[in-house]
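Just below sit the structures, each encoded as structure tokens.
Two complexes come next, and they have one chain in common, chain A, joined by chain B in the first and chain C in the second.
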Partner chain A sequence: MGEALVLLGAVGTLALCAAVFDAVLAVPGGGAGEPLRRVARLLLQQRRRTRLADTLLVRTGVCGLLAVAVLAGAVLPLGERPVAEMAVGVVWFNAMEVGAWGALWLVGWGVNSVYPLVGGYRFVAQGLAYELPHMFALITVALGAGSLRFADVVAAQRGLWFAVWMPVAFAVYLVSAVAMAFWGPMDGPVSDDICGGVPAELSGPDRLVFQAGRYALLVVVAAAAVPLFLGGGAGPLLPPWLWTALKTVAVLALLVWSGRVLPTVRMDLFTRLSWLVLIPATLLQLLVVSVVVL
Partner chain B sequence: MRDVAFWVLAVVAVAGGVAVFRVGSMARATFALLGSLVAVGLALLLLGLEYLGYVIILMMVMEMLVMAVFMVMYMMNPAGLMPMRMTHNARWAASVAGAVFVLLATGTFLLPEPVRHGRPPADPTRALGLAIMGPKMLVMMIIGVAILATMVSSVVLSVNRRHPGRGC
Partner chain C sequence: MGLSGWLAGFAAACPRPMVVTAPHGTRSRLLVEAELSRRGWRHAHAPSGTGLLVVCGTPADALSRAVEMVWTTVPAPGELVRLRGDAPPERVAAALDEAVVRLARPRSPGTDTGERTDVPMADRGPDRDGLTLDRLRVPLGPVLPDWPAGLVVETVLQGDVIQRARVEVAGGLGGERFWDAPWLAALEGREVTRGEAARRLAASHLDSLGRLLAVAGWPGASARARRLRDRLLWERQDQWVRRDFPGFARAVRRSRTLKWVLRDLPAARDPAPGGLVRRVGTWLDRTGLALRDLDDGRPLDDDEGPRGPVGGEPSRGLLAVLPELVTGADLAAARLVVAGLDPDLDQLRGARDG
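So, the complex of A and B:
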């Protein structure tokens, strides 16, 4: 119970930090207060409705995005222990995070409007492009640790971080992390060329929960990189929870910053890159790790 | 506790299955089916099969999304703006489904209850991996190659040959 509250508090705080950092990058010197102002505005805003919207599906999608992000975070070690200790935590993390596909498609579909629909379909295409390399990166980690349990993965990195001896898997993980949170170079489903895409018709509290879910997902995928590749809470002097927090903030800052410096990637080009370059590269990485482990 | 969990999941699974044919739009039908399959995946946890349970959830979310794309693509009235019926050829389908149900249900009553041989392994995930890589290797290899061949051939068939550079 205590850990669950810590998880919710940590995800909420880091999500707000990410939003503030992004706002500062957007308007240097003056954007820091913008996220909180936006929250207040959305809380007060009246709901705008579209004609013949499927409200049940939209609500399911909006709340589902936040829910899958938090559930995926439940297996990540917060310093010593996660909220839910699972023998196959890596599989659980993967299963929850694909829930974002469903959430985005439901919102895009349910509001009965063209641009959100285009955005929803874009995310399904994006998912098909990033998911296989992402899974191979996770499998490489599990193979290196000989376990699907996050605690064992962290313990296996006591000598050397996986980021160091599985650089390809780490790089692919970071790419798939931004794709999963439809952030930065992978923000096609919510980009300006389709008027904001999936959440274009959302207003008031609906939009607030959707955005909160998106930031929560970004935080959780950044936080997962710490136990998977960066040695978890291991580090000199400071306690494990503080090391976990520091490393998470570093990865999160990198992901947020990437959104402001990299242009949006066209998904047909990324699909080609993903299937022709990233999948073979991750398979080679898997082979190398298998040989070393054997 | 386990009994309560089982019955809740069983009711959700069946109710989701029923909802597939009662709702008025393809999107709702797809996600009712997904809800049903997720309940089945969670029910596997009661058997101690964590890995299989989560893999079912993982694969079903992805499969239902792909299915939704295709179903919507092929439907006459995909949008669900006008409610549509989810049943086709209802009388024939109902009689086949009823016959299969009666067959399976009588089978569960007539056959002797299975007796447990041996003990559950300490780590079912590991036991599953050893089975796939050991005695079941041949079957898995054949299935794997068949799936790969299907994927490659469907991609080859769908590639736009007139514009080789743009056929994604």
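So, the complex of A and C:
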């Protein structure tokens, strides 16, 4: 119970940090207070409904996004132990984050409006493009560690971080991480050219929960990079939880920053890149790791 | 009421404005954008995400109806600010301040209301893969972020692919052609320096770049283009602009991701090599050249405005090729193509509602 509260607190704090960092990047020399003011505004804002919206689907999607992010985070070690110790933690993590597909599609479809629907289409296409390389990257890690348990994956990196000897898998993981959280160069499903896409018709509390879910997902995919590739809580002097936190913040800052400095990649282009370059590259990486492990 | 009153005041300082521009409202749009950037207010991109709808210029019938429709979908608490096309900077700042004061007033919480109209389902038809899919009639514009003021592209969509497109104009009252003004004034015999024209030309291209980069989803570079534009146009910090511009131009030119994203997208009817990538390069080149001439005191004696000869209404030509260029494209590509054409509907004299 205590650990679950720690997890919620950590995800909430880091999500707010990510929002503040993004706001500071957007408005240099100010803007740090914007996310909290925005929360206040959305709390007071009226909830609007579109015509013939499927409210049940929309609310399932809006809450589902936050739920899958937290559930995916439950298997990540917060220092030494995760909230839920699972022999198939890596699979669980992957299964939960795929729930984001469902969540976005339910919202995009359910509100019965054009731009959210287009955002939903884009996310399904994005999912088809990033998910296979992403899974191969995770499989490479599991193969290197000989286990699907996060604790074993961390233990296997005592000598050398997986980021160092599986650089391709790490790079692909980072790309798929922003794609999964539909962030930065992969923010097509929620991008400004379609009026904000999936959440375009959400207002008030609905929009607030959706945005919270998006930031939570970004935090969780950044945090997962730490046990998967960056040695987990291992490090000199400081306790494991602090190392975990520091590494998570570093990855999170990198992902948030990518959103300011890179244009949004069009989905047809990314699909081509994914199938022609990323999948073969991850398969080669998998082969190399298999040979080394043998 | 205490807590919600305090929250209302706290929230009002960042209302996430959404800016709608009517043709001939370009000047006030630019003033508003400069003022918003000075205040550090980020833009909203949909009515449901905004607390403040800012209308620049005076919409004529069709656009006026569109604005009314959008206003009914802005959730409470929301404020509407209308600025005439010739509003001075002080008026812009004052109007925004007044809106913040009104937004900060505590009020009773809103209820679940407000339904918007449905998109008509047109029919079904074969798509580009030979599947029979639903077709939707969807107008793009006139109220759309980073979109030419007054432009409406009536589309038939299948999925997010445009099957048919037709251009209409939602006009505005007034007659100012902000971007062409120096050349028009010179043609009328008034004294205009080449430096003033160069300033307007550079600012116009920076405005187009800011819009294209925003549509391309590169907020950092877009904000930089707009900051350069504002400093050049309103603050007249020429030294600062000359110092900062080369770095900006280099970053945009070197971005491989941008080249990749714009690749294969047309900038004109003839499939000229380079397409949109070339267009971005041209804008940067011409801006760089114009920045050298800011102090040129000789009288202006040509009519080459930012979009071509100001007497020829070059934007009419851009609108004529637009439907062809976006047909068959998906929405992401179509938005980039429109931003690359960047027609200036202020040029369409007598253009009222289509």
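Convention: the second predicted complex is superposed on the first by the 294 of 294 C-alpha atoms of A that agree within 3 Å, B and C clash if a C-alpha of one lies under 4 Å from a C-alpha of the other, contacts with A are read in each partner's own complex, and residues count from 1 in each chain.
Convention: a contact is a pair of C-beta atoms (placed from the backbone, for glycine too) under 8 Å apart; a residue touches a chain by one contact, two chains touch by 3 or more.
Remember, it's a predicted structure, so these values are computed and weren't measured experimentally.
Student: Based on the superposed arrangement around chain A, label chain B with chain C as either clash or fit.
Tutor: Fit.
Student: Of the two partner chains, chain B (first) and chain C (second), which one does A:D268 touch, if any: first, second, both, or neither?
Tutor: Both chain B and chain C are touched by A:D268.
Student: In the overlay, work out which of chain B or chain C sits against more residues of chain A.
Tutor: Tallying touched residues of chain A, the top partner is C.
Student: Mind working out whether A:L148 is in touch with chain B, chain C, both or neither, as first, second, both or neither?
Tutor: The answer is first: A:L148 touches chain B but not chain C.
Student: For A:V91 in the superposed arrangement: first (chain B), second (chain C), both or neither?
Tutor: After superposing on A, A:V91 lies in contact with chain B but is clear of chain C.
Student: Pick one for A:W101: touches chain B only (first), chain C only (second), both, or neither.
Tutor: Touch partner of A:W101: chain B, not chain C.
Student: Using the superposition on chain A described above, determine whether A:W109 touches chain B (first), chain C (second), both, or neither.
Tutor: The first partner, chain B, only.
Student: Applying the touch criterion given at the start, work out whether A:V27 contacts chain B, chain C, both or neither, answering first, second, both or neither.
Tutor: Touch status of A:V27: second partner only.
Student: For A:P205, select first, second, both or neither according to whether it touches chain B, chain C, the two together, or no partner.
Tutor: Touch partners of A:P205: none, neither chain B nor chain C.
Student: Per the contact definition in the header, classify A:L52: touching chain B only (first), chain C only (second), both, or neither.
Tutor: both
Student: Pick one for A:Y121: touches chain B only (first), chain C only (second), both, or neither.
Tutor: Both chain B and chain C are touched by A:Y121.
Student: Once both structures sit on top of one another, what is the angle chain B-chain A-chain C taken between CA centres, to the nearest 10 degrees?
Tutor: Once the two structures are overlaid, it is 110 degrees.
Student: Minimum C-alpha distance between chain B and chain C after superposition, to be given in whole Å.
Tutor: Nearest C-alpha pair, chain B versus chain C: 6 Å apart.
Student: If you lay the two complexes on top of each other, which residues of chain A touch chain B in one and chain C in the other?
Tutor: 52, 112, 121, 268
Student: Which residues of chain B touch chain A in the complex?
Tutor: These residues of chain B touch chain A: 25, 27-28, 31, 34, 50-51, 54-55, 57-58, 61-62, 64-66, 68-69, 79-81, 123, 125, 166, 168.
Student: Along chain A, where are the residues that touch chain B in the complex?
Tutor: It is residues 52, 54, 56-57, 60, 86-88, 91-92, 94-95, 98-99, 101-102, 105-106, 109-110, 112, 121, 124, 127-128, 131, 148, 268, 271-272 of chain A that touch chain B.
Student: Which part of chain A faces chain C closely enough to touch in the complex?
Tutor: Per the stated touch rule, the residues are 23, 25-27, 29-31, 33-34, 36-38, 40-41, 43-52, 112-115, 118, 121-122, 185, 187-188, 191-196, 199-204, 207, 259-269.
Student: Given the complex with chain A, which residues does chain C contribute to the contact?
Tutor: Chain C residues touching chain A: 4, 7-8, 10-16, 40, 42, 45-46, 48-49, 51, 73, 75-77, 109-119, 136, 138, 144-146, 157, 159-160, 213-221, 223, 255, 257-258, 260-261, 263, 330-333, 335-336.
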